[in-house]
Amino acid sequence: MSASLEKGINVLKEQVDSTVAAFFSSCVHCGMCTDACLFYTETGDPSKTPILKAEPLRRIWKSEYTLSGRIAKLFGLGKKVDEKLLTDWETLVYDSCTLCGRCSMVCPVGNDITLLIRKTREGMAAAGHAPEGLIAATKRSVTIGSPMGVKLPALQAQIRHVEKDTGLTIPVDVEGADYMLLLSSMEIMHFPEFIGAVAKIFNKAGVTWTLSSEAFEATNSGIQIGVSDIAAELVQRTVDAAEKLKVKTVISPECGHAYMAIRWDGPNLVGKSFNFKVRHILEVLDELRQQGRLKTSSMDTQKLTYHDPCQISRRGGVINEPRNLIGMFAENFVEMSDRGKMNWCCGAGGGVSSNERADEIRLKVFQRKKDQLDEIKPDAIISACSNCRLHLEEGLEEYGMDIPLLSLTEILAEHLED
Amino acid sequence: MNEIDFLNWVRGPGFQIAVIIFVAGIIIRLVEILMLGRKPNLAEAKGSAMRSGLRTIFSRSIPEKSTFKRSTFVIVTGFIFHIGLLITIFFFTPHILLFKDVSGLSWPALPTPIVDAVTVVTIIALFLVLAHRMSNTVLRFLTNYEDILVWLVTILPLITGYFAFHRVGATAPTLLALHILSVELLLVLFPFTKLMHAFTIVLARWYNGAISGYRGVQS
Amino acid sequence: MTTHSVQFNIQIGDDLTWNVAPLLHEVKHALDNLIKNNETTIIDLRSIPLAPGEEDKILNILGQGEIKAQLYALGQSEIIETQYAGVWIVSHYNDENEIMGRFIEITSMPDILCSQTEDMIEARNHLSESLKEGQNIHESSVEKSA
Amino acid sequence: MTDIPEGKDETLGDVLRQRGISRRSFLKFCATTASMMALPPSMIPTIAHALERAKKPSVIWLSFQECTGCTESLTRAHSVTIENLIFDSISLDYHHTLQAASGHAAEEARMAAMEENYGKYLLVVDGSIPLGNPGYSTIAGISNYDMLMETAKGAAAIISVGTCAAYGGIPHAKPNPTGAVSVGEIIKDKPIINVPGCPPIPVVITGVLTHFLTFGTIPELDHIGRPKVFYGQSIHDRCYRRTFYDKGQFAETFDDEGARKGWCLYKLGCKGPTTYNACATTKWNNGTSFPIESGHPCLGCSEPEFWDGGGFYKALSMPTEDISKTVIYTAAGAVAAGVAIGAIQKGRKNSAVASHSKTTIDDLEK
């Protein structure tokens, strides 16, 4: 059944639960979420108000799940969800929101606005109102196995390079390993050093790990576009591979929404709890650190700061781990003014980077990050999400700033004692 | 209908009707929300949803520093008028008598001059809130008729109460009756407008805190 | 210190005196006005909300001066000059000795003390009639003067 | 009293002088009258001047559904008082309770007075008029309604004495079995002065008559027909316990410390804040005290419907109905209704979930 308004409306109806109802019932139009959204702070456009982005879902909730809305509907009153609304809202929901979750942290009545927008995307996508770029990426994810079209041979080629560079073996399809590492296409294509860094660290720590040739892709376009059916299909691939290899823990790589997809949404998408654990690479590394299995030998004297990827810190719960790890090698670590759970998004998360239509605004709102960086003027920026990393690099270039971007895993590997 | 008839009506049937709509409306809406239910979270928890949910119910009242800096006016005026409403509604002797009559519970009142002063401050704060709403681009964009209506029915009991206490502008029974009527208007509209946040805020904050807390983040 | 035969209200306490001082100030201003412009002021004590005991307080403060006159007309009336010359307390009672009205008059002489023209005319007529008839002239000496 | 053979054109001044009342007494009377009517003392000479020349009016007093409390209030004093003087000076041509005549003679007196003073007499009414059934209250076989209509026709003005005549009073209280109404609800084409109170303060009744005599007009009235001079301010505004209200010091019971200290009686149901009358300043029993001064909350007897105000001991801020019961029943009903509505809505969601058609990559475009 192809996308249609009816289908979208039905999906929106499916999205409403007690949280949605409680959130919409509580909004007082105070505007504080607006001040918390970089798409407003950097554009000054009030239509970017986070809670308004969930308007299609709100109308469905109001007309279907409230007595007053139901009565209004009987009299032909109340606002309807129609093609025009969805067309008007498409750019708000997909181009002007990275699902960063900052609004959900400031809302005085406690609305998880991000959740509402995320659910709105489900209806938008089902109604055929998803952006071209995201549709294409999703199609590649399902058909090829990766949003960027990376196939196994490409990975194998990169593995060979890494093995050559590091002299270490990259285990693939090793049954019974403790850890199964997922990778994002971006890491495979742009930052293959990451694979080498993990290999080096795990080797030092004596960890058994593996990649899966059947499910190496960590990213999940289904989450970004907002189609749970597809997201579930993609998660299922990882679950199957993990079960097949009988690993204890699946590791999400340095990618924000990949972590969200497999760690927090995954079991709920496939409808059952995993019989393996899911951890972010930073959680695994911090655990090794706690166990004393990681030792650094050199210190970094540069002025370093850490950019919290939204889905990993605020929406994911990995906030202290990166700081613990950075403490192992950084002498001159400075925090940005808003950090941890209150960080500002780079501007490219939530599928925005896959959506060419949003290129302009994504670079415009980068101004927020730039201002934050101008305050502390770091020598280098550490992050733990390759999407953030790519966009930060692009943004810094756009604004004529020359600050290198570092992967936390990679820089940690560099400082490990030999 | 003379003014005492009017007063007797608002104290009697009028109040009863308002309370029925208020109580029924609030309960139906809360049951309506809760019965929609929520799927259990199948992901392995990193923190306690319960503890975080409970904490957020309270902690969300205190804005985090950078948020305070960004939304200072909204937060300060919001605090003033909410606390003002709390004091004027719950700590004025005649109101406590009303609650005692309905619930049997009673608590000490604040001295009348203090409540009087708080009323003025609250009214001023509400006017500032409206002025800000009208002048700020974001808020003007966000504002709909309901927002104005809710503002009006919130400030009316304060203004009528102030006039009734100071007995200016009309005869005392009329002023008192208008005050009670304005409260009844508030009660009647309560379940069907954003005023409902006074009750659903507990749910919303709980859910937000629980969702975050489950992932190990205190929201 | 109290004035005699004045009915006092029950003294409850003296923490309610929010009208006493302003009233005394008013008396002072009235006295100024009497001296400068020869204008009389009458203050009706009933028109001012006073707590039990406050009226007594006012009367006590004003005290009793040199003159105390009693009037018998429709019950008793009592006209007292307070210790402040020109400030008079005029109290009217009915014949059950219940207070009917009490005034502070700031004047050189309360009107009600003066003989009234109508009464004087009546008195003269009455006297001349008595003289004409010639009766009782010898028994009683002339008691009323014109 | 029914027999006034001559002197219809006499002035009040003449009457007083005939009775040997000195000019000084008259001045005293005027001073206390001014005070009573809350007029400034500077008005005393004006009052004296006007009263001296005032013509004796004819007054007809009709009593309908009443308890005679108003007449009692007026005639309570058994010695010569200034009020009595005023009453002696007017010609009370007909008063059911006070007149010596009875039966036909009484009715004849009424008819005679009406005829003689047509268009000039004052009609005083106490008691309400039953409209439910004319037989509920009759005098000499004439229903109250008919008698009122007949007598009102030639009246210069009507004074409704007491809350019954002014606003329906106790007989009008729910469920109003006799269909009692006030004079004002029946008579629309005559000036009506309401002197409510249960009973009204006697000096207020005489004050109104005095005003009529002094100025030849009816006094300025408030929006419910009461003379402003007496009913212009509320009990609360003139109450000596007001400071306690303002400070928030209340007697909680009739025998607690607050009650002994004379604190505000608001919590004990005082209706002073919404009651307009002169009790707090004029006081009762020739200025002795008034209810609040003797420790009892004001009942609000000079206001319409005071008996239906939810109980004399219920504070004004309390609802008059049993709200706690309302809340319990409503809550129980609402939970049931909420569950039913919630179930319907949950069903709507379940059917949306059931009709979910899986979205595949081929479905992303229209």
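By letter and in written order, the chains are A, B, C and D; residue numbering begins at 1 in each of them.
We take it that a residue touches a chain if its C-beta (ideal position, glycine included) is under 8 Å from a C-beta of that chain, and two chains touch if they have at least 3 such contacts.
The structure displayed is predicted, hence computed values, not measured ones.
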item: Neighbouring chains shared between chain A and chain B, ordered by label; value: D
item: Innermost chain, taking as reference the mean of every protein Cα atom displayed; value: B
item: Chain pair with more C-beta contacts, C-D versus A-D; value: C-D
item: Distance from chain C to chain A - Cα centre to Cα centre, in angstrom; value: 96
item: Centre distance in Å when chain A and chain D are each reduced to the mean of their C-alpha atoms; value: 77
item: Distance between chain centroids, defined by C-alpha means - chain B, chain C (Å); value: 61
item: Approximate Å spacing (C-alpha centroids) for the pair chain C, chain D; value: 34
item: Numbers and ranges of chain D residues touching at least 2 other chains; value: 341, 345, 349
item: Where chain C touches two or more other chains, by residue; value: none
item: Sequence positions of chain B contacting 2 or more other chains; value: 28-29, 32, 34-37
item: Contact graph of the chains (line, ring, star, complete, other); value: other
item: Touching chain combinations (by label order); value: A-B, A-D, B-D, C-D
item: Of all residues in chain D, those that touch chain B in their complex; value: 167, 222-224, 234, 236-237, 245-248, 250, 266-267, 273-274, 276, 300, 303-306, 308-310, 314-321, 323-324, 326-327, 330-331, 333-335, 337-339, 341-343, 345-346, 349
item: Complex contacts: residues of chain B adjacent to chain D; value: 2-5, 7-8, 11-13, 15-16, 19-20, 23-32, 34-37, 93-95, 97-98, 101-104, 109-113, 167, 171-173, 176
item: Chain D to chain A touching residues, read off their complex; value: 341, 345, 348-349, 352-353, 355-366
item: Residues of chain B touching chain A in the complex; value: 28-29, 32-39, 41-44, 46-47, 56-57, 60-61, 63-64, 66-67, 70-71, 74-75, 78, 136-144, 147, 192, 194, 196-197, 200-201, 203-209, 211-212, 215-219
item: Residue numbers on chain D that touch chain C, as the complex places them; value: 17, 21-25, 27-29, 31-32, 34-36, 38, 40-42, 44, 77, 79-82, 85, 238-243, 261-262, 280-282, 285-288, 293
